[in-house]
Amino acid sequence: MATLTDYKGQVPAWCPGCGDFGILNALKATLVEMNIEPHEVVLVSGIGQAAKLPHYAKGNTFNGLHGRALPPATGIKLVNHNLHVIVTTGDGDCYGEGGNHLMHAIRRNVNIKVFVHDNQIYGLTKGQASPTTLEGTLSKTQPFGVHANPFNPIAVAIALDCSFVARAYTAEPELLKSVMKEAINHKGFALVDILQPCVTFNKVNTYKWYQERCYHIDKAYNPYDRVEAFKLSLEPFTEKIALGVIYKHDKPAFEDYISIIKDTPLVKQPFQLEKMEKELLNFY
Amino acid sequence: MATLTDYKGQVPAWCPGCGDFGILNALKATLVEMNIEPHEVVLVSGIGQAAKLPHYAKGNTFNGLHGRALPPATGIKLVNHNLHVIVTTGDGDCYGEGGNHLMHAIRRNVNIKVFVHDNQIYGLTKGQASPTTLEGTLSKTQPFGVHANPFNPIAVAIALDCSFVARAYTAEPELLKSVMKEAINHKGFALVDILQPCVTFNKVNTYKWYQERCYHIDKAYNPYDRVEAFKLSLEPFTEKIALGVIYKHDKPAFEDYISIIKDTPLVKQPFQLEKMEKELLNFY
Amino acid sequence: MDYTILIGGEAGQGLQTIGGALSKLLSRAGYHVFSHQDYMSRVRGGHNLYQIRFADREITSPRSKADILVALDLKTIELHKGELTESGIIVYDADFIKKTFDSPEYLHVPFDKIAVESGGSKIMSNTAAVGAVLGMIGMELTVFEDIVRKAFRKKGQEVIDKNLATARAGHDFATRECRRCSFVVPKTANSGYMLINGADAIGLGALMSGCKFYCGYPMTPSTGILNYMGSKAIEYGVMVEQTEDEICAINMALGASFAGVRAMTGSAGGGFALMVEGLSLAGMVELPIVIAVMQRPGPATGLPTRTEQGDLLFTLYAGHGEFPRAVFAPGTPEQAFYLTNKAFDIAEKYQIPSFIIADQYLVDTEWTFVGFDTKKLLYNDYRLSGDALGKTGEYKRYAYSENGVSPLAVPGLSKHLVVVDSDEHDEEGHMIEDGETRNRMVEKRLFQKFPLIRNEISPPEYVGPPNPEIVVAGWGSTYGVIKEAVGILKDKYKIGMLHFSELYPFPGTEKFDFMSLLFEAKLTICVENNATGQFETLVKASTGYGFGVSIRKYDGRQFILDELIGELDGYANRL
Amino acid sequence: MDYTILIGGEAGQGLQTIGGALSKLLSRAGYHVFSHQDYMSRVRGGHNLYQIRFADREITSPRSKADILVALDLKTIELHKGELTESGIIVYDADFIKKTFDSPEYLHVPFDKIAVESGGSKIMSNTAAVGAVLGMIGMELTVFEDIVRKAFRKKGQEVIDKNLATARAGHDFATRECRRCSFVVPKTANSGYMLINGADAIGLGALMSGCKFYCGYPMTPSTGILNYMGSKAIEYGVMVEQTEDEICAINMALGASFAGVRAMTGSAGGGFALMVEGLSLAGMVELPIVIAVMQRPGPATGLPTRTEQGDLLFTLYAGHGEFPRAVFAPGTPEQAFYLTNKAFDIAEKYQIPSFIIADQYLVDTEWTFVGFDTKKLLYNDYRLSGDALGKTGEYKRYAYSENGVSPLAVPGLSKHLVVVDSDEHDEEGHMIEDGETRNRMVEKRLFQKFPLIRNEISPPEYVGPPNPEIVVAGWGSTYGVIKEAVGILKDKYKIGMLHFSELYPFPGTEKFDFMSLLFEAKLTICVENNATGQFETLVKASTGYGFGVSIRKYDGRQFILDELIGELDGYANRL
C-alpha cells in the first residue's frame, strides 16, 4: 500500500502560497488513494515552475525540455503501456512552446494524462504573458499589451475530439482529486486544465479572482455531448468558470491499434536476431 | 489594371490533373478581379507541392521553410500592412509541421490570408499520411494504419475564435474565388481549407469522392454564430462536406492595436539616431 | 567487361521499375552492379535518370559514359546522346516519342506496341524495355523471368504470363533488330550477389541491432529508412511512428529509450536542425539514441533530391552545451550496415547519442556484395533489468562510477525509480545548482566517458602501397569513387586512399599511424562533396594538419569516376 | 581604494533593489563600479548574491573577498563569512534573522525597525539598508537622495519623504554604531560614470543601429534584451513581439527583414537550438538578421541562471548546408554596444546572419564607462528603396554581381517584385535544379562574399609589452578578468593579454600579426569558461596553432580575479 510518505520528494522551491502546492498535494493524494505505487508511475514534464513537480513527488521521472513533455510521454507509454504516464506541465510549456505536440498527442489519443498548471503567466521566467493571459495585460515583453485571443484549452481540446477534457482548480482539492482520478481511470488521452494562482507575477488571476468565478458543473450535465461541451467551454472566462469533467468520448486508445503490443509491452519483448536472418535473402 | 498575364509565373511542375491547378487559377483570377497588382501582394509559403504555388504565379514572394509560412507572413504584415499577405500552404505544412504557428497566428488575428491546399496527404514526399488523412489509411510510414483522429481544421479554427473560417473545393472555381475574395476583403486572419485531390498519391479522396459529398452552405446560414458553426464543422466528413464561409467574427486585427504603426507602416518610418541620444542619459 | 546502362525519362514513367529490375537481375546473374539515381523534386514530369553500371569485377562508382541509353522521352536523347560510348546504342520507342532517328547508334523498339500486343496493355511497356535491353546485351531471360514470377505472384498467373510474353517479345525484337549491338557479356561463375542501397542497409542494420522504436518525419533523402522500418514493423515488432514534426521525433525516441528499448530517429539536415535541442537533451540525460543524418545540398531547402556532404561540422557541433557523441560516416551500404550496428552498441554502452551521417547519393546507390555476416554484429544488452535490477540495493540513475558510465535501469521493472532531468542534476537525477556537483557531472560525462568512446573508434582505411607519394583522403560516400580512381591510377603513381568512416571522436594514431602517411607523402589531396572542406576543418581542428590540395564538388551531384581520375591525374602529373 | 560589497539573501528579498541602488549611486558619485549577480533558478527563497566592487581606478572583474557583507538572511552569514576581508564588516538585522552575533566584525542594523519607524512600513527596509551601507563607508546621502527622488517621482512626495527619512535613519544608525568601520572612500573629481550591463548594452546598440523589429521568446539569460527592447518599443517605434516559440521568432524576424526593416532575435543556447533551421534559411535567402546567443551552462536546461562559454562551436557551425555568417563576442558592455552595431551593419551590408554571442555573466554584470559615443556608430542604409528602386530597370533579387552582393530591394515600394526562396534558386529567386546555377549561387554566397566579410573583421586586442614571454588569450566575457589579472602580473612577468571579440570569420593577420606573438612567446595560455576549450578548437581549425596551457572553468560560475591570478602565477612561475 502506497502512503503519502512514499510520495514525498524534495523540498519545493516554489514561492510560499503558490497554487502549485495544491496540485502537488492533490496528485500525491490521488495516487495514494488509487493505490498506485511510485515505481508504477512515470512523471513527465517540460520546463517551468509546474514542470518541477516531479522532483517534489516520487516516481520514475523524465524531466525534459521546455514544451516537449508530450513526445517523450508518448514514447514511454508505447514502450511500456503498463506504466501510468502522467505529464505535469504549465500553460506556457503545454499551450505555448509545446502547442503542436498537444494537438497531435490529442489526435493520437495515447493513454497519458496531462495535468496543466494554468497560472495564465510564465512564472519561472518572471511574468511574461502566456497563451492564456487575459487580453489587455501589459508586461515588459508585451509593450502594446496582450492582444492575442486567450487560448481556450477546453474548446480546442473538444474541437480536436480529445477523449477526456476537464478543468479543476488548485484551491478545491476534493474536486481536483476526483477529476485526477477520473482522468487516470479513463482510457485514452486526458487533458486537465488546472487553475493555479501565481501569487508573485499574476496580480489579476488571484485566489480571490478564481474563487469568485468558479462553479461546479451540474451533476446532470452530460459530458458526452460534444456540442454542449463546446458551448460550456465558451462561457466567458472572466465571468464564470466551470469546474469538472467537460467532455468525454469513449474510444480505443492509440495503443489498442498497435497490433505488436497487444500481448506484451514492447520493453518486455526479446530481441531475436536469428529470426531476422531471412531478411538478408530479400536482397538477393 | 492587372491582367491574368501579369500573374503568369513559371510552368508548374505539378502532376497533370492535380487539384493544385484549380487553386492557382482561382487565386490569379481573384487577384485580377479584385484589381490587385502583383507588387501589392506577398505570397508566402512553406514547402510542399502547395507551397510551390508562388513560383507559378507572380508577386513578391517569401518561399520559406516547411511548416514555417505563418511566422514570416506575420513579420511581413507587421512591417508593411499595406501589402496583401497571402499564405499558400499544404495540409502537412500548415496543420502538421506548422501546427503551433497556426494556433498562435489565429490567436493573434493578424490580417493575413491562409489558403490551405488540403489533399489529405503528403504529396511532395510521396504519399505519407498527413494530419487530415482519414483513419485506417495504410502507408509505408503508417504500418499500423492511421489511427490518429483526422485533424478538423474548421472545428479547431472556430475553437480558437479565428476571425474567418471557410472551406472550398478546387473543382468549384466560382465558389472558391468568391471565398477567396471574401477572405481577402475580411479584416483579420482568414483560414480557407481548400479540398484538393492529389491524383497521384491519394486514391481515396478523389474528385469523385469530394464531388459526391460536397454541398454549398445554405444562403440563410449565419456564419456569426460560433456554436452553429462548430456544429456544422462536426458533420461527418466522410458523408457530407459543407463548402462556403463557415465562421466569421468581426473584430480589430492585431495591427490595429499596435499604436506605433497606426499612421505609417513600419518600413516607411525613418531611423533617427538623434532622437535616441537621450537614451544614454538613463545609464548615468 | 564494364558496361553502363542509362535510363532517362520523366518522373512517373517507370524508370525505377526498369532500373530496379535490371540491377536486380544483373546482380542475381552474378555480375557486380553499381546503380545510382538522379531525380528532380517533383512527382511527374521533369527529367530523371537511373544509371546501372555492371561488370565482372568489383565496381564502386558511377561513370560518365553510357553504353546503352534507354530513352523514355525525347529530352533524354537530346541531353544525353553525347554521353554515348563509341559502340553505344540509344534504344527508344519512336512511336511514343514521335520522332525517328536514322543514325546507326539508334535502335527503335516499340515498347508500347509490344506491350499491347503481347501483354494486352501499355502498362507492360517497362517489361518490354527490360526484355529489349537483355536482348541487346545478349543475355538470356531466365533470371528476369524468375523475378517476374516472384514480383507478380500475388497478381495471379495471367499477369505473370502476360509479362513473360512481353519480356520475350522485347527480347526477341532487340536481338533481331540490333545489328550493331556488340556487347559481350560472358556468363559468370558467381552464384549471384546481394544488392542493397544505403537506406535499406541502415534500416537493416538498425533492425538487426535490436532497434525497437523508430520515429521520424518524412524528408528526402532520409525517408527510405523510415519506409524500410515501417515495412518491417509488424513482422519484427518494431514500433514505427510518423511524428508531427522532427522535434517530436527526437523527443519521442528519447522517451522510448528511457522506457528501455533501443530507439532511433533520422532526417535530412533540415529536419535534424529541428532536433538539435533534443540532441542536447540526450547529452544531458545520458540516454542512448541513434540519429541518422542524411545529407542533401543546403542551406535550407536547397536541392531536396540531390546530394552533398554539407552537414558534417553541423552534426559534430550541434547542440548547446558540451557532451560526448559518436559520428559514423559509412562509405558503402555494407559499411552502413555494420556501422549502424556499431552506433547502436556505442550509444547504449556509453549512454550517448550516436550518428550515422550519409547522403542522398549513398542512400540511393545500390551496390553488390557477397553478403553480410550477422555473426559480426555486436549485441550486448547493457541495460540493468531483470534479476540484476531487482537485486540492486540502491539505484541512482547518475551514480558516479570508475568509468563515468552509470547503470542504465529500465523504469517500472522493479521498485527502483529512474529519474532523468534536463537540468544539471545529482546522482539521483534531481536538479542541483552547486558548483561541485556540476563539476563532477561534467567530468563524468566528458572527461571520464570521452576517452573511452575515443578508444572504440577504428582508424581510417588505407588502400595503397606502403609508402605512398600521393595520399587521397575522403570520408563517407566518396569511398567508392576514390577507391576506384586510386585503383586505376596506382599503375601510374605511388598513390593510396585514406578513407575515414568513423569520424568522431576523431581517431587517434595508436592503432594505425595514418598521420605519418600524410606527413610523409609528397602530395595529399582531400576529396569532399561540399564547398568549404568540412572534413579538412575537422582534421585541422583535431591534428593541426592541412591538406595540400582540395578537390571539392558542390553542384548537388556526386563525383563521377572519370572526372575524378582526370582531376587526380592533373595534380599527380605536376609532382 | 578598492572595496567589495556583497549582498546576500533569498530570491524576492530585494537584493536587486539594494544592489542596483548602490551600484548606481557609486558610479554617479564618480567611482568605478563592477557588479555581478549570482542567482538561482527560482523566484522566492534559495540563496542569491549581488556583488558590487568599487574603486577609484578601472576595475573589470569580481573579487573573491568582501569588505562589507550585507546579510539579508542567516544563510548568507553562514556561507560567506569566510569571505570577509580582515577589516570587513557583516551588516545584518538581528531582529529579522533572529540571531545576534557578538564578534566585532558584526554590525546589527535593524533595517525593518528603522523602516517602520521612519517610513511607516517594512517595505522601506531596503532603503534603510542602502542608507546604512553609505553610513558605513562614510559617504554622504546626497546622490542617493537624488536617485530616490527620481525613482519615486510618480509615487508622490509622501513616498519620497518617507524613503529619504528611512535612508537618513539607516545612515545615522550605521555611522553611530559601526565603530570598527574603517573604510576610506575619498571623494573623486570624476563627474560620474555611465553604468550599464551587457543586456542593456546590446539592446541599446540594437536600438541605435536602427533595429525596428525584435521578436523572441523569454529565456534566461537573453530575456534582458527582450525586456529592454520592449521598454523602448513605443517611444522609438520598434515592433516588439513575444512569439509562441523560438522557431517562430527567427522566421518572423526574417519576414520582417524581407519586408525591409532591420530585425533581430535572441535567445539562450537552448532557444537558439530551435532557430537553427531558420538560420540556415537566412543563409539561403540572403536576408540580414542579427541573432543574440546568450550562453548559459548546458547541455539542455543545464544551470539556467548561471554562466558558461559553452555554445561557441555550436554557433559557428549551426545550420545545415554552407553559408557565411559573422560572429561577435563582446568582452564588455561597451564592446557589446559597438559590436551589436557592427553586427547590424555587416548583416545588412552582406545580407547574412550575424551573431552577438555573450553569456549570463556579461549580460548581468554592470560596468562603469566614461560614456558611449554615438558618432562612432555605423549606419548605412544598404537597401534599395525610394528613387533608386523606382529607377531600376529590371530587378533580380539574386542578381550576380562583382562582389556577390545583390541589390536588396524593399518589396511593395515599387512595381518590382522581390522573390526569395529556400530552395536553390536562379537570379530572380525561382527554384532551380541544374548544377551550373547551383555552382554560381554557391560561389556567390560563399566564395565571393566570404573574403569580404573576413576583411571587415578586426584583429584581437593585445594589451601588454611588445615581446611578451607569456600570452594569455581569451574571448568574450573573460576580457575583464584576464585584463585585470594580467595587469597585476605585469610587474612580475613579461605578460600580455590577447583578447578576441570578433571571432568569425576568424581574423587574418594582415592588420596585426597576432600569430607571431603566440609563436614567439614562451608560454601561451588560453582561458575559457567551458570544459572542452571551444575557442582553442576554433584557433586550431583556423591556424593549426595549439596553446601551451588551458585554463578552464565549467562549474557554472565566472572566473574570479584572485583565483585567475593564482592560476596564471602558478604556470608563469614554472617558466
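Note that the chains take the letters A, B, C and D in the order they are written out, and that residue 1 is the start of every chain.
Heads up, the rule we're going with is that a contact is a pair of C-beta atoms (placed from the backbone, for glycine too) under 8 Å apart; a residue touches a chain by one contact, two chains touch by 3 or more.
Keep in mind the model is a prediction, meaning the values are calculated, not measured.
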If you tally the C-beta contacts for A-D and for A-C, which one comes out higher? A-C
What's the chain with its C-alpha centre farthest out from subunit A? C
Between the Cα centroids of subunit B and subunit C the separation in whole angstrom comes to 37
Distance between chain centroids, defined by C-alpha means - subunit A, subunit C (Å): 41
Subunit A and subunit B, separation of their C-alpha mean positions in angstrom: 30
Counting only residues that touch at least 2 other chains, which ones in subunit A make the list? 47, 64-65, 96-97, 99-100, 103-104, 131, 144, 258-260
Mind pulling the subunit D residues that touch 2 or more other chains? 40-41, 46, 233-234, 244-245, 247, 270, 277, 281, 285, 300-301, 421-423
Touching residues of subunit B toward subunit C in the complex: what are they? 13-16, 47, 49, 64-67, 96-97, 99, 122-126, 128-129, 131, 139-144, 200-201
Interface with subunit B, subunit A side, in the complex: residues 96-100, 103-104, 106-109, 131, 144-145, 147-152, 155-156, 158-161, 226-227, 230-231, 233-234, 254, 257-260
In the complex of these two chains, what residues of subunit C are touching subunit A? 28, 192-196, 200, 204, 207-208, 210, 212-213, 215, 232-234, 236-239, 241, 243-245, 247-261, 263, 277-278, 281, 285, 371-372, 374, 377, 379, 381, 410-423, 429-431
Touching subunit C in the complex, subunit D uses residues 40-41, 46, 247, 268-270, 272-274, 276-277, 280-281, 283-285, 295, 297-304, 306, 308, 310-311, 313-314, 316-323, 421-424, 433, 435-436, 438-439, 442, 446-447, 530-532, 534, 537-538, 540-541, 544-546, 554-557
Residues of subunit D that touch subunit A when the two form their complex: 12, 40-46, 217-220, 223, 226-227, 230-231, 233-234, 240, 242, 244-245, 270, 300-301
